[in-house]
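Alright, structures below, take your time with them.
In the two assemblies presented below, subunit A is common to both, partnered first by subunit B and then by subunit C.
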Partner chain A sequence: MKREIPIMITFIVCLFLILDFVIQSEFLSKVAGSINDYTSIVATFAMVLGLGSLFSVHLNRIYRKRMNWVYSIILILGFAVAVFFATLYGVDETYTVKLTQQEYEQREARGEKGLVVEDVYYLLVQNKKMKVSKEVYELSALSAQSKATGKEYKQIRKNKWFDGLIFKGIYDPLQATMFSLLAFFMASAAYRAFRAKSLEATLLLVSAFLVMLGRVPIGAVVGDMLAGMIPFLGLEGSHWFKSIADFIMTVPNAAGQRAIMIGAALGMVAASFRIWFAYETEHLGRD
Partner chain B sequence: MLEFFKNLDRRNVFLLIAISVLLPLISPLGLPLLPDPEVKALYNQIDALPEGSKIALSFDYDPASGPELKPMAEAILHHAFKKKHKVYAMALYPAGPSMANEAFSNVADIYKAEYGEDYINLGFYYGPNTGLNQVAVFCTDIRRAFPVDEKKKPLSSYPMMAEYNSLKDAALTISLSAGDPGVPAYVSVANAVHGLKIGAGVTAVSAPRFYAFYNSGQLVGLLGGLGGAAGYEVLNDIKGKGLSGMDAQSMAHLVIILLIVFSNLLYIIEKKLEE
Partner chain C sequence: MLRNPLPTLASRAFVVLLLTQSSVQAAGLGDVLKMSELPTFLALTMLCACIYFFIQKGKSGDKLYIRRIPALSSVDEAVGRATEMGRSVVYIPGIMDIDDIQTLAGLNILGSVARRTSVYDAELKVPCAKSMVLSTAQDVVKEAYLRTGHPDTYNESNINYITDDQFAFAAGVNGMIVREKPAAVVMLGTFYAESLLIAETGNHIGAIQIAGTAESSQLPFFVAACDYVLIGEELFAASAYLSQDPLLLGSLKGQDVGKMLIIFAILYGCLSEFLIQFLGFPAALSITSLFA
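Moving on to the complex of A and B:
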């Protein structure tokens, strides 16, 4: 049963999702919607599992002092600091602090910014106040005795530590830097490896040359220069590099991409059918 | 000499690229730019919508792709607010809501657009990496994905949410995507299953993959890389980061092409010498 039950679950879930795709039915749509929700929940567990695994790998590396173990300390410290500030202040641009009326008035007198007073609505149930939305409060079926209003005092503050320092000050520029480094390594790799050694390599080289010039404004300047230098080619206007680049992108490139995508999709359909009908059970583990 | 250039230290190449990018940023060249047809197509889609139309904008990127996708987001927001459209932001990337906040804070004030009336940031919806499940939920019931907005307030407290229950209520959905999850999920579910109009803004490195979708009509418009953002800025008559970045990108492309030509010349000379 250890294998049969997961196989049955897989079969039923796949069946509902496929039927929802081909049949218009409110019931099927609801079931498929719930399955989507469960998938999101299960995926969240996977995230926690991933974090646990990350921790275990790096703690192990620090304990055994393996190569570059110092970087593991930085990773765990970075993680701990981010979690600490996110727990204290949240991950948004601002965070809200509740105040008493007295605190509110003191801060207002000091001229502090971000002070907010909000009307709040209550239902009185067995002498207990239950906070409700304005829409519920205004329901005509409720008697005046069962309702009450009040005021809530808050201060909206800028999240300087998590959003300001960690996200915008460290994470944002670091990620942009990592991506930008691509340009440098690509240039170096192109200089070393992009050689016209065969017909295929030459075709790749020429198309890369044309697309790289055609996709940027300087292509028009170079195009103008070349058209003047080689008049017998009869190149008209300054945007002929762009026209060739557009053709390469929308015709041969699109055709190639389509072939790859259709091939991949057919492969995915075949793999899905194998999992659906339990011909493929690798995802259940080997035990 | 031949050996020196053949084994050129890569730091020299890095230096050349750095200079070619920095100089145009310090002193812009102002090269004229002609927008691509797929950029014009997205611009025309937004331009043709009646005033007050709903546009869903998915911020499916993080800071790594920000330099390419943020100028696109801001150019689209300029256009949408100018035409008084309502913008509904959501994200399939955890950092997406912050990216949306940044773009909104740079543009909304110029057009006096108000949060909750003209634009809203619904936040991030977690799910599997493909994004298919998340988009399926967006297409059926947006409140199931986002019971509250990014400010943690119930959606019922915002007037612009009164007639917005799913992506089907939006006249156009645009995904600004750094990869997966992003445009493929919107095309596969929102367009293929529900027949919704999808536009896309993607990084230059992933743009070739999406021309097939644009050609088939599954994407109504496509912005590819910084060039796409710059093209949209030209059509929108604004000078944003897309246009200023294109001079730097132009010079970098030119330097890379010259390096490739030079290295191939070296290769040919070496071959001749060997013969």
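Moving on to the complex of A and C:
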């Protein structure tokens, strides 16, 4: 049964999603929407597993003082600090602090920023005060004795710890650093790949060279120089390499990409079919 | 992949597709069915029918040929190299979650790779970017080790979660590769900008690299930095190739019929447009009006 239950769930869920794709039915739309919601909910709970694995590996590394165990301490400390500040101040750019009228006046006197006063509306129903929006308050058919208004005092403050320090101060620069490495890695990969070792490699080298010339300003300069040397062609030299580059990208490159995409899409359909009808169950991992 | 072209079957499928759509419209089922999605649904049904037909042929014992895929033939070489050098194999099943078909394809191949590493007694490390992929990968690898009779060599902490964040995951994996210097790095699944970061790091330490993804924008980076690359549909054919299961090989054959169908449609579309534009044939011949 350990294997049969996931197979049954896969089959039924896929069936509902495919029927929703082709049949106009409110019931099927609701079911398909719910399935997508359940996926998000399960993924959120599954994060606990990931965190458990993370802590297990790094705590073990610290306990046994394995190589570079100090970095495991930094990881766990960083996690704890981020969770601490996120719990206190939230993860948005700003957070709201509720104040009493007295606190509001004191802070206003001190010249603090971000102070907000909002009108709030209440309906008194069965001796209970219910907060409602202004539209509901005005439209409500209750008597004047059952309605009440008030004021809410707040201060909107910048989340300088989580958003300012951790996110913008540490995370954003680290992410930009990793992304910027791509430029250097691309140059290194191109240096290795663009060698005339075979016919295909030579074609790659020549087309890469032409496309690069067509994309940089120096290509226009080189084109003008060549046009000066070959005047009988009668074409504007500064556009040569750009036109060649555009042709390479829009005709052979696009054709190749589309062919790969068509093949990949067919492969996806076949793989999905095999998983749907349980011809392929390796990912279930159980016998 | 296709040894014996099947133009007859594909052309028949094309005609059936046209007739079915016409009959659905004639029967007045436009209120029940989403007519805009009907051509896609019918094409999918046709493709699935072809796949099912050839799966049954595979089941009945017909020998089905599949061409050699160098990247998959080199998996044994990669694992053997890791064993000789006394180093590990790092397997990365992509950065997307379990609902992505490429991740599932990657996990299916992980089972085959895990069986080989357990037989050769090489260490297998699987860094994961998503928690559900982590638990599935642990199950797959454990089952593989059990099946080959080496449950004692299975180490659960070798399959671990790094982080959900794309570049933080790349940084974590790069750190693992630079510190542990694996002999082989296998990247099969969905990859985006981090593909080149990981592939170049593996190349830098001299590991044999096998990569595969259906993301066409990342394939050039893998081709430049890796030793072997599975391009697009080869990733989804890998599980059939490695297992040589007749049922799975049959599905590949069915997929090839689908490809023939698409080739026919493209050729028909090109020819019809040429005839309409340059020879004045009626516009009703256009492929878009046939499926409108």
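Heads up, the rule we're going with is that the second predicted complex is superposed on the first by the 254 of 287 C-alpha atoms of A that agree within 3 Å, B and C clash if a C-alpha of one lies under 4 Å from a C-alpha of the other, contacts with A are read in each partner's own complex, and residues count from 1 in each chain.
Heads up, the rule we're going with is that a residue touches a chain if its C-beta (ideal position, glycine included) is under 8 Å from a C-beta of that chain, and two chains touch if they have at least 3 such contacts.
Because the structure is a prediction, the values reported are computed rather than measured.
A.B. asks: Under the stated touch criterion, which partner chain does A:Arg195 make contact with: subunit B (first), subunit C (second), both, or neither?
C.D. replies: A:Arg195 contacts subunit B only, not subunit C.
A.B. asks: Can A:Ala148 be said to touch subunit B (first), subunit C (second), both, or neither?
C.D. replies: neither
A.B. asks: Is A:Gly50 contacted by the first partner subunit B, the second partner subunit C, both or neither?
C.D. replies: In the superposition, A:Gly50 contacts subunit C only.
A.B. asks: Would you check which partner chain A:Val22 touches, where first means subunit B only, second means subunit C only, and both and neither mean what they say?
C.D. replies: second
A.B. asks: Determine, under the contact definition given at the top, whether A:Thr39 touches first (subunit B), second (subunit C), both, or neither.
C.D. replies: both
A.B. asks: For A:Asn68, is the partner it touches subunit B (first), subunit C (second), both, or none of the two (neither)?
C.D. replies: Once the two structures are laid over each other on A, A:Asn68 reaches subunit C alone.
A.B. asks: Pick one for A:Leu165: touches subunit B only (first), subunit C only (second), both, or neither.
C.D. replies: Neither partner.
A.B. asks: Now for A:Met261: first (subunit B), second (subunit C), both, or neither, which partner does it touch?
C.D. replies: Both: A:Met261 reaches subunit B and subunit C.
A.B. asks: When the two structures are overlaid on chain A, which partner does A:Leu226 contact: first (subunit B), second (subunit C), both, or neither?
C.D. replies: Neither partner.
A.B. asks: Can you pull the subunit A residues that subunit B and subunit C both touch?
C.D. replies: Looking at subunit A, the two contact sets intersect at 21, 39, 43, 47, 174-175, 178-179, 182, 186, 188, 190, 192, 257, 261.
A.B. asks: Which bits of subunit A are touching subunit B when the two form their complex?
C.D. replies: Spelled out, the residues of subunit A in touch with subunit B are 21, 29, 32-33, 36-37, 39-40, 43-44, 47, 92-93, 133, 135, 163, 167, 171-176, 178-180, 182-184, 186-188, 190-192, 194-197, 205, 208-209, 212-213, 215-222, 239, 242, 246, 249-250, 253-255, 257-258, 261.
A.B. asks: What part of subunit B is in contact with subunit A in the complex they form?
C.D. replies: 8, 10, 13-14, 16-18, 21, 31-34, 36-37, 62-67, 95, 97-98, 101, 125-128, 133-134, 136-137, 140-141, 144, 150-151, 154, 156-157, 193, 204-205, 207-209, 211-212, 214-215, 225, 227, 246-247, 249-257, 259-260, 262-264, 267
A.B. asks: Under the touch definition given earlier, write down the residues of subunit A that touch subunit C in their complex.
C.D. replies: Its residues touching subunit C are 18, 21-24, 39, 42-43, 46-51, 53-54, 56-57, 60, 67-68, 174-175, 178-179, 181-182, 185-186, 188-190, 192-193, 257, 260-264, 266-275, 279-280, 282-287.
A.B. asks: With touch defined as at the start, can you tell me which subunit C residues reach subunit A in the complex?
C.D. replies: Subunit C residues touching subunit A: 31-34, 37-38, 41, 44, 47-48, 51-52, 55, 97, 99, 101-102, 104-105, 107-108, 111-112, 128, 130-132, 134-136, 139-144, 147, 157, 160-162, 164-165, 167-168, 170-171, 179, 193, 196-197, 199-200, 203, 214, 216, 219, 221, 223-225, 231-237, 239, 243, 247-248, 251-252, 254-255, 258-259, 262.
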